[in-house]
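Have a look at this one before I ask anything.
As written, the chain order gives the labels A, B, C and D, with residue 1 at the start of each chain.
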Amino acid sequence: MSATARLPRGRQFFANPGPTNIPDSILKAVAHVTIDFNDPAFLAVYDHCVAGLKRVLRTEQEVFLYTGSGHAAWEAALVNLFSPGDTLLVVETGYFSESWAKMAQDLGLKVRTIAADWRRGVDYAAIRAALAADGAHEIKAVCAVHNETATGMVLPLTEVRAALDAAGHPALLLADTISSLGSIDFRMDAWGVDVAVGGSQKGLMLPTGMSFTGVSAKAMAAHAGSRLPKSYFNWTNMLARRHKSFIGTVPTSLFYGLKESLRLLEEEGLDQVFTRHARLAEAVRRCVRHWSGNNGPQLFCLSPDRYSDSVTAILMPEGHDAEAVRRIALQTFNVSLGGGLGRLGGQVFRIGHLGDLNEPMILGTLSTVEVALRLAGVPHASGGVDAAIAYLAEAARGG
Amino acid sequence: MSATARLPRGRQFFANPGPTNIPDSILKAVAHVTIDFNDPAFLAVYDHCVAGLKRVLRTEQEVFLYTGSGHAAWEAALVNLFSPGDTLLVVETGYFSESWAKMAQDLGLKVRTIAADWRRGVDYAAIRAALAADGAHEIKAVCAVHNETATGMVLPLTEVRAALDAAGHPALLLADTISSLGSIDFRMDAWGVDVAVGGSQKGLMLPTGMSFTGVSAKAMAAHAGSRLPKSYFNWTNMLARRHKSFIGTVPTSLFYGLKESLRLLEEEGLDQVFTRHARLAEAVRRCVRHWSGNNGPQLFCLSPDRYSDSVTAILMPEGHDAEAVRRIALQTFNVSLGGGLGRLGGQVFRIGHLGDLNEPMILGTLSTVEVALRLAGVPHASGGVDAAIAYLAEAARGG
Amino acid sequence: MSATARLPRGRQFFANPGPTNIPDSILKAVAHVTIDFNDPAFLAVYDHCVAGLKRVLRTEQEVFLYTGSGHAAWEAALVNLFSPGDTLLVVETGYFSESWAKMAQDLGLKVRTIAADWRRGVDYAAIRAALAADGAHEIKAVCAVHNETATGMVLPLTEVRAALDAAGHPALLLADTISSLGSIDFRMDAWGVDVAVGGSQKGLMLPTGMSFTGVSAKAMAAHAGSRLPKSYFNWTNMLARRHKSFIGTVPTSLFYGLKESLRLLEEEGLDQVFTRHARLAEAVRRCVRHWSGNNGPQLFCLSPDRYSDSVTAILMPEGHDAEAVRRIALQTFNVSLGGGLGRLGGQVFRIGHLGDLNEPMILGTLSTVEVALRLAGVPHASGGVDAAIAYLAEAARGG
Amino acid sequence: MSATARLPRGRQFFANPGPTNIPDSILKAVAHVTIDFNDPAFLAVYDHCVAGLKRVLRTEQEVFLYTGSGHAAWEAALVNLFSPGDTLLVVETGYFSESWAKMAQDLGLKVRTIAADWRRGVDYAAIRAALAADGAHEIKAVCAVHNETATGMVLPLTEVRAALDAAGHPALLLADTISSLGSIDFRMDAWGVDVAVGGSQKGLMLPTGMSFTGVSAKAMAAHAGSRLPKSYFNWTNMLARRHKSFIGTVPTSLFYGLKESLRLLEEEGLDQVFTRHARLAEAVRRCVRHWSGNNGPQLFCLSPDRYSDSVTAILMPEGHDAEAVRRIALQTFNVSLGGGLGRLGGQVFRIGHLGDLNEPMILGTLSTVEVALRLAGVPHASGGVDAAIAYLAEAARGG
């Protein structure tokens, strides 16, 4: 009935929105021999990378980098800006908005949450209302996850900015761009984002290990008054160093990778990168929509204007376990899919479609998922891949 | 109308039966620092590899290795065995049987050819007849390409052996196993093959650069009387060296790759490797057969008992250019397909399905070909990929 | 007069005690494609590495890992154990003991320092006295840098432990083993160390990016009462995860490197690794001692029982700039030496001799430094390398 | 007494003139995924490399490339130019001139040898005399090994050319540049060389596996009349292919390496590359000359005008075995030295100083050899490394 585990052969299809595929040229670049992080040869690479990172963030303000994962950058944003007892307004998007809120509380901050239906996304009016109600300006910042990796949904930051502006509220706007940056349009300065949190392991196509925050002048001013204890993440201490970032040893290897990542992104052009992500994402959605026909798996996201172009969450039909599909895909066909996070465990699986990706990778993934649905006995309208094929042909004709 | 060239992004799908995909672990192994080829540490690796290569060839007789491509091993077989004016019987299979015959003539040998329909394969009776007619035993050897890469067809070597035995003919049996070894069952000793010609760049999943010949005791006896001039390929000279192979510097890097290749093949088990190839090949054929429904592209091979499990040639409908399909696949979708060789140029394209390959790679390739057929305006019954999906699910259930 | 900058050719000699040379096999292992950090295949590697890391730390207690540099692990130790206003006793060793003390103060802790002469090392009696004077047990922990990278001196931890025991003082013993672990004997459990702070980029021969703390049961008890805010480094949160470490994405690449690092260390045997470091360190010291004859550069460390076997700091003669020597070594000969840190800037240069190192690397480095001393016009007794040669021959005879 | 074998740790010092050190950037470039050798993206790299190779050979005439080692290119030169029974004049230089002569005889050619003392080098007058005596122009070509790797001696090709010109002899001039090209000045067109034989694994710093011949118009004319059988090496067949080289599959990986090799060579500038080789070679000779003082090992070459700048052969004192020194260097210190070839076995060891090399690598090698001399009980004047240090300081001052 079920499929057998096989030795993995061929390259793994990594369709997990966790980290992303790393291009060969980046893998080679990262495999760099050790270099003194104060060596002039490295400093040139370093400065080149920081400048490039600002272009990707679309900011001309500060950027601080950390040896750490995305959560390190989340923490850096919080400890550098706030004081014990400060209040944050978190826009609920899913697992990651919950986690960031939990981190804030662990660090001694108060959190108010704008509740939202995870499948439909927040009602912008609720944000406006919450801000309007805060006449005393207790809210020091609004925290928004630009692209919620757990649900495959976007939170349009311009709407959050508009809500702040409409309320004339001075709170900072903190945006988690971890799974959007370099995959989906993001514009730190133009959109009035005060702190943009990003990591190496998604759209930048690097290994996990480096994260960063773009920081506005307004946020730097808030930093000056912050009283949460901090050292490893302390921006003031960082500014005193040659690198204007990092406390301690600089992770030089990742900079050689970042240099190549920037080259790839800018060779293709950020706009073209976003177009490619949108095209591949739409192919995935066309396929899933077809599958759903026969009481099959469906798109988790119910609001088409919130579809994420970097990850799609797929909701299983009642009574079917997403983990069974994932297990077959991984063990029999060497395809790694994302699982449901937190309360979505077992109910959804996720296809990451961000980073170094092309049509055959997506089509191979979708085809294999269709094989796995058959093997797992999950009802679905077969032919989903044909829908993706038809769409991609049409898109290439237009392209 | 047509698709646009795009910057290649994501990993290329290399579905060309030329060289094959090289697994990452082999790429890393080959990137080995220089080592003295007489260093005891290297000699241990070398001896390990030669022993493993014999297991893959399924021989306990001699193996000679060359720094060279497959054509080098072809030439080595000829110059070590024959004398000017000797006669060979070449079984026609396609482009590569023609090329080997041409090489023999360039080297001063005479060639008789058993003509065959390229789409149906040779009639075994014709081989028997040719040998029976050679009462004087002028034919010194029969040259057979086990797997004709140009047509995607197998020539069952046991039938050739049987023809020799039936005729009581003393000719040597020379087999080109370049695109079969490590992908399709081949048994040098059991099948009475006297010289097996193989290369690094197909089922062994290595870069191009090393080739080899398994050589039977009977062939070694023939070598003793050979008078074609030879030095770089001279087996006698090789036997005098520590390595019992190679004239000049030994390509040490490839041996580190070969060690890893043998580990991969033997970890999976040769029989499982062949089963995997057969399964993926059948998925390709199911897909192509479906496409053919609507006056679409069809399997070039018309004899099901001759289907190759390492490469499939696909014949375009009259009036449609295979090169247009290949160009779209490569330039728009980063999928490299094989083209038609020699007289098949423009008429066929080929999908290599050998080496380090799995289901999603095949499905991604087939899906992309289907997109390319649409874009190139080639008639076909859409849904070929569904046929492959259905078959692979069924095979995994049985698996 | 001075040497000319040249294009770097040949491999750089990295004799900087900053990060260390990364063996090729580790570089290749780190260049691993992305894998889901919850994939069973990765979890097996992960568990294998954590167990190995405990063997290297010589502990059977807890280990927590961080995506971060050594400073991250310093901070993790502090925020997990203490509450605002707690007092630490820092044993002065040099630049890094100062930095750790500064970090503690930044985080809201109080610091008492046992002052020490940087060239002679602390007087153990002073530690005993400080502890004895603390009848109220205000001191919550003693912080000791096992190997001070800035001065090339060891602080014997058994002496610190003995001082605590002699005073019957309940303070925790926190040891920074960043530049000793895997190079110099260290035994967490046997020596009664409560928290051992280590990083990936020294004796483990990995890129910068991962750090860790061994944590004793006694320290875990202290953790339970700690009130400093923490999230990214929170041990309690970590224990709730499958990995029992890390908050957020796990840096999978480094684990493939760590697996290879552990294989290398255990293939050689930790004791042999330490012997090799001691031998190469002694060769460096013999050479420097020779150079010093003619008012030349001398060993910074004046206490032979405190010599570090992983790094040697060399004090320039009055009036000569260490940076000039370093510049020539780097720009003309592609040898990277360490510079003087903090108040030692310009006065010392440092030779790192830890990690993946052998005799010719050390001799090449020393020879080149001797060339650079000539070019920089620094007085010295020439022939230092001969002293190293003589010693290494003698050691090999014994070996 | 003797040293113990140790596990190799640190990078091996490869001071063997066999293949040479491969720079990391070339190793990474060679680890290229498979690409169709007719893919336009590869053809661009291919054409770029062939043009660059001509610049390195300093020729504007033909170049043919082979999947093969240097011996393949030797054979290619012979089978493409000559007919059975043709006569060659081989200038004796050492092991490699003997080997080439032997190959010619194996292929059915006649060989006349200009005998020479291996330690002093050929007398140019003897070449002139042999040519003058050949009034019938039976000699079809003069074969000269530009740099005899076995003895560490150069044969000035301009002298050979001058002898041909003086005699007005029409013979072709064939030069083996395997261990000189890219390390020592060589000018194919300016020096009137008709065929220049080169390989990938020396000055080009690539793995073994590709060789080539520069071919003059005069040689192409001779090719037209050649009757030795040939196919794999056949220039005429090659010219009919898109690549104008290679029979069969093209070793694409090596071209990515060659592209990087050319970048490195041309970034530094060929003249600077030669200067660097000359400088490092002189350091080696200064060291050896010092060692020889006390009845120690001496330079094998007795003619200072014939010193090779890419390899130095060192003659052991009577009664001492070179292999014992090599064994200690390799097993105890991970330094690979070259051994004595052919009749020089046990009498000499060789230091390769070509390719990707710098001062510390040479000094580390020389220092370790001095340690090994001590351990092997070989008499020598200690302090050889000091002589090298003094010279390199002086050279850098001038540099």
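Just so it is clear, a residue touches a chain if its C-beta (ideal position, glycine included) is under 8 Å from a C-beta of that chain, and two chains touch if they have at least 3 such contacts.
This structure is a prediction, so every number in the text was calculated from the model and none was measured.
> Out of A-D and A-C, which chain pair has the most contact pairs?
Answer by contact count: A-C.
> Please state whether the interface between chain B and chain D is built from the same residues or different ones, using more than half shared residue numbers as the mark of same.
Same residues, largely: of all residue numbers at this interface, over half are found in both copies.
> As a quick test, compute the distance in whole Å between the mean CA positions of chain A and chain D.
So the centroids are 54 Å from each other.
> Find the geometric centre of each of chain A and chain C from their Cα atoms only, then give the gap between the two centres in Å, rounded to an integer.
Comparing mean C-alpha positions, chain C is 35 Å from chain A.
> At least two partner chains per residue is the criterion; list those residues in chain A.
Where chain A meets two or more other chains at a single residue, that happens at 8, 11, 21, 24, 28, 31, 33.
> For chain B, which residues are in contact with chain A within the complex?
Touch residues, chain B against chain A: 1-4, 6-11, 13, 21, 23-24, 264, 267-268, 272, 276, 328, 332-335, 356-368, 370-371, 374-375, 382-383, 385-386, 388-390, 392-393, 396-397, 399.
> Using the touch rule from the top, collect the residues of chain D that touch chain A in their complex.
24, 28, 31, 33
> Which positions of chain D touch chain B when the two form their complex?
By the definition above, chain D touches chain B via 8, 11-12, 14, 16, 18-22, 27-28, 30-39, 41, 66-72, 74-75, 79, 84, 102-103, 106-108, 199, 201, 207-210, 228-232, 234, 237, 246-254, 330, 336, 338-339.
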